[in-house]
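Paired with chain B in one complex and with chain C in the other, chain A is shared by the two complexes that follow.
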Partner chain A sequence: MAKVIIIGGGPAGCEAAHQLANQGIDVELVEKNNETGGNLNNWYQLFPDRKSAKDLNDILKQNLNHPKIQLHLGMEPRKIEKNKEGKFLVPLSDGSLLEGDSLLISTGFKIFDARRKEEYGYGIYENVITSVELENMFYNHSIQMVNGNTPKRIGIIHCVGSRDEKVCNYHCSKLCCITGVKQAIELRELLPDTEIFCFYMDMRMFGPGYEEMYREAQEKYNIKFVRGRLSEAAENLNKQLQIKVEDTLVGKPLRMTLDMMILLVGMESSEGSRQMADTLGLNLAPNGFIKSQDPHYRNNNTNVEGVFVAGCGSAPMNLTDTLADARSAAMSIMEYIKRI
Partner chain B sequence: MINFWGYSISETRSINYDTNDKSMTEYIARVVPSSKLCIGCGGCTAGCTAGNLTNFNIRKIQMLMKRGENKEAKEQLQKCMLCGKCMLVCPRGVETRKMILEMLNYIKTKLKS
Partner chain C sequence: MQQYEYTNKIYYDHFVLPFTIGLVVLLGYLCVKYYKWIKSFPKEERKKIRKGLFSFKTIRSGWEIFRESLLHHNIFKTNPMLGYMHMTFAFGWFLLIVVGKIESMVYHTSAFNPPYFAIFFRYFHPAKETFPHSEFFAFLMDLILTFLLIGILLAVTKRFCSRIFGMKKTTKQRAYDLLILTVLWLIFPVRFLAESFTSGLNGGGSFLTHNAGNFFSGFLPLESLSYPAWWLYSSLLGLFFLLLPFSRYMHIPTEMVYIFLKNWGVKQGKEYNGFSEIQVNSCSRCGICINTCQLNTSCNINDTQPVYFFRRLRNHEEYAQQAEDCLMCGRCENSCPVGINLNAIRQSKRPDILRVTKDTYAYVPQPEVKPAKVAYFAGCMSHLTPGIIKSMLQIFEKTKADYTFIDEKAGVCCGRPLALSGNWKAAQVVMDKNLQMIDASQADILVTSCPICYKTFKEDYLLNIKVMHHTEYIDMLIREGKLKVNALDLKTVFHNPCELGRGCGVVEAPESVLKQVSQKIPTVYDGKKSLCCGGSLANTVIDATQKTKISSDTVKAYAAYQPDIIVTACPLCKKTLGKTSLEIPVKDIAELVAEA
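Now for the complex of A and B:
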């Protein structure tokens, strides 16, 4: 019986495991944390329909209750080898050894460390937070400055760690724009009298319903969008933030004081993806993500025969695309297994 | 601009949002809600007859107004001939003509200084 080893139990790994198991293939799912779900565990509501992240996560988890799926939580793969028969040998951190016909790498992304953009003051000024921390505030239904006050003016900064040569990231993280719009609307619902600004370079509304949501944010929720990249922030004695941007559509520098600043942190290739690339000899794209063999027709294949990639290990993706990519990877793996 | 002994001090070009008067933009947002939908594409300005003959730029003027920079709006708006071509081209359905009329109205009746 064919067996597939999946490294990474985020949404992509869970969905691929479920699809493969339904086709009668044995699956070993390896996850380094003590629960599956990956970055989805840090999210409160999803765009564009505001579905609860937990609900989706629960569905993905329930699907793993399948006789064909073996879950290895809290485990990491050690040095992986491909033997002469073309089987993959994966020793785990507990000393056990998995053997499979194919490998699926679904090691996902990591969030950009906002401290690397020092001029934005994350980790230095107390009212600068990341979009991930804001999700946690939404979870608790409470938006407060560190001193307990309600913020009267909030700025959401797009492209933090994305499209920025200064932090060695040329790529667009793709999701931050729509995340910013979603979070601005959620902020408005909790804070009806607060002025909310988004500072953007381009609004990249790539998915169905996204542009409509952007439009609604402007008209119905009175979110103000300023086209300009933040150059720097400074803190005043009241722990507010003085920011400088150019309002590029006006052609003048703009200064304002914010009570709270939210950094829409981008996505980078995860440590796990890099380790897998290293141990298996996978090619990386210039942006550090795992390189697909072909962007159109063989996008789940890697340069190593039998090793496949799904989800954000290969590029920043939203959940819709991640789950679709996982199903597509499952199909590619089934084709491969039939062939060997 | 202050001039003394041949030297002068330049006023800042920078927009100070904290101190600017935002009453006009609040009024316009209320009476012409569609004005909030502008994405700054410049379609309105490209087709504008007044803009082709003078330095009138409707896209820029309403953006300045939104930041509380009312002086330029006040100086420039008279150049508009209210032909409404801007409204025909706007991809976001902003009622530009109504917005201009309301800006003129506000400047005439309510704007301080």
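Now for the complex of A and C:
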């Protein structure tokens, strides 16, 4: 019986494993961490319906309880080889060797290291956090400054590490805009008296229900959206942040003091994706993500026959698209297996 | 055919005319040209010439001319093969003229004989007639000629195969340049032939021309070749002199004039004037600047280096883009064997077009400045690297300095980016705003974290207080014992920022500080040989991708030394290198000192 090896047990890897197993394919799922779920483990609620991330994660995990799926947790693949018969040999870090007919790369994305945008002061000023750290605060239902005070004014900074040639990232990470809207609403629910500002350059509300959520954020939740990119931030003696922004709609420079600043960090190609590209000779797009063979018709195929890609390994995607992409990859693999 | 007879000391034949006319026209042209250029100098610069003329500086210039215009000592330092080639040409020709002149004077026993006499000595001097040391002179002249012919051989090789000289690219030439180049290359081989033919007919000469003459007489009709050869030799010389002022060989006389002017203290100002013209014409187009330019090595841009930019200026071609397409990193200036002010001249060709008035920046509030002994001006780039500011504030606190952070809340740009783009008038407006702030601080020392600000504070603000870059300030604190530092267990390489090292000559202070706080690995990029980070504000032509390419190539060069950290002393370098150096952290020297 045909066997598929999946590298990366995030939402894409889990969903593809489940779909393939249902079709009667043997699946070996390799995940470097000790649990599946990937970046989903760091999220509290999902946009646009505010569903619990844990619930979705649990569904994906339960689906893996399948006789056809073999899990390899805490394992990383070593140098992968394709033998003469077209089979993929994947040695794992524990010394075992997997053999499969096809390979699915679902190595996902990496969060942009906000320290690289030094002018925003992450890692230097104590009340600057990332959107990922904010999710953790939501999980604990507690939004506090480091000194324990409740923030009176919060600024959410869009496009940190995205669409920014100064950090060599030209691509849009797609889902930070809506994440910012979602997090602003969650903040408002927890902190009814706090002023909340979003500093953006464009609001890209591409998904169903997103634009409605954005409107609601302004009308119902009194979130203030300022079109302008943050230029620099400084810390005062009270550990507040003094920021300089240009309000481009008014055409004036703006100064403001914030108690807390949240950086909507973008997505970059993960180390896992780069390693896979390196060991298998996969083409990378200029933005560092794995390049699909064709953006429309063969978007799960790579330049190497038998190697497929699903989820954020090939481009930034929201969860809806990631799961759909995983199913699409499963179908492409089925097609390939029937052919060989 | 004229016979060699002792014609009672009248040495003349019509063939000397091309040479003589060429020489007279050339000298006349040069006198007029230099007079015009020097006349266009600003008054105070002309005063320097009058003051320097009868001083030790003139003697020093003579020595420098001998070293640079004849021996080409600076080119030797960069590239021995290239230096040797230039030396054989310049020094060889010089010796040929001087020794030839001495020889003719010994023969003629008079200091005054027509200038062509020495040049065509072998023609006029009957071979059978000996004079004191005549054989020794003949030997010497042959030796020098051999020396020159080898030089030509090298030059021909360089033109067709520049890699032998360790040069990836040699200067591209236009048709006119190729014509004069050919003339120059032909002069000495033709002289060799003329002397050999004469020797073959009448004897004389030494190991080279004598033997060659004997050899040629075996199969060539020397009787009918010898006289035309002298005509050709004279014509080539005359043609070379006539073509010279409009070719790159104008650098031969002009470089000497430049060396005098430089030593007398004449400076290149903001304006493009006669002194700039003299410098532009002093460029020998050796092409060393092409190889040091990172726009060439990283981005394959090959039309903007000083050699090409100056050629455009000289030929009155369009140069607007080339004036802007430069990082102003100063690597070319640092390696220029003639020592031309390459950056200042380029900057003077950038148009001053921005119209900015005092009201333009009226919205910037004039901050209240608390008076203190030390005024700290972080600069706008440092505000984008708060890690540097935080470290500097820690150092001020630790040493209990009486300081005031003058641009903490609000500040304006130092003006240098505007000046770099040629907009001096606009720069003056922002400079005035900063001057008020600096005055209000009543400080004795102005410390800045940004080498870009540092350079303009030092050179353009005309402040009567001490201006220090933070590396110099930290170095002073350590020397005075006010700041104790421990060596961190880190291997570091130092990226000296363009504006600090080459721009302001600050080399020792950062090196000394870094050696005390870390294990500094010596690199070939130390001191004034550092690379450009690629983030330069001076280039408005190349795009972000090209800047990133320069940055990543620079990071690769430093990464080859396998440091734990790449250390710099400029917020712009830190940001630029940091964007491509994802594996090796990039830090400012102040951050290391604050940690140590």
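Following the convention adopted for this analysis, the second predicted complex is superposed on the first by the 340 of 340 C-alpha atoms of A that agree within 3 Å, B and C clash if a C-alpha of one lies under 4 Å from a C-alpha of the other, contacts with A are read in each partner's own complex, and residues count from 1 in each chain.
By our rule, a residue touches a chain if its C-beta (ideal position, glycine included) is under 8 Å from a C-beta of that chain, and two chains touch if they have at least 3 such contacts.
Since this is a predicted model, take the numbers as computed values, not measurements.
Of the two partner chains placed by the overlay, only chain B lies in contact with A:Q218; chain C stays clear of it. Applying the stated contact rule after C-alpha superposition, one finds that A:V250 touches chain B and leaves chain C untouched.
When the two complexes are overlaid on their common chain A, residue A:E81 makes contact with neither chain B nor chain C. Once the two complexes are overlaid on the shared chain, A:G121 sits against chain C while remaining clear of chain B. In the superposition on chain A, contact of A:V167 is made with chain C only, not with chain B.
Contacts of A:M203 after superposition on the shared chain: chain B is touched, whereas chain C is not. When the shared chain is aligned, no partner comes close enough to touch A:D294: not chain B, not chain C. Under the contact criterion defined above, the residues of chain A that touch both chain B in one complex and chain C in the other are 252-253. Remark: chain A residues 203, 215, 218-219, 222, 224-225, 227, 247, 249-257 touch chain B in the complex.
Those residues of chain C whose C-beta lies close enough to touch chain A in the complex are 363, 383-387, 389-390, 408-409, 544, 548, 574-575, 578-580. Residues of chain A that touch chain C in their complex: 116, 118-119, 121, 124-125, 165-168, 231-235, 242, 252-253. On the side of chain B, the complex with chain A involves touching residues 13-18, 29, 33-34, 36-37, 39-40, 59-60, 63-64, 66-67, 69, 92.
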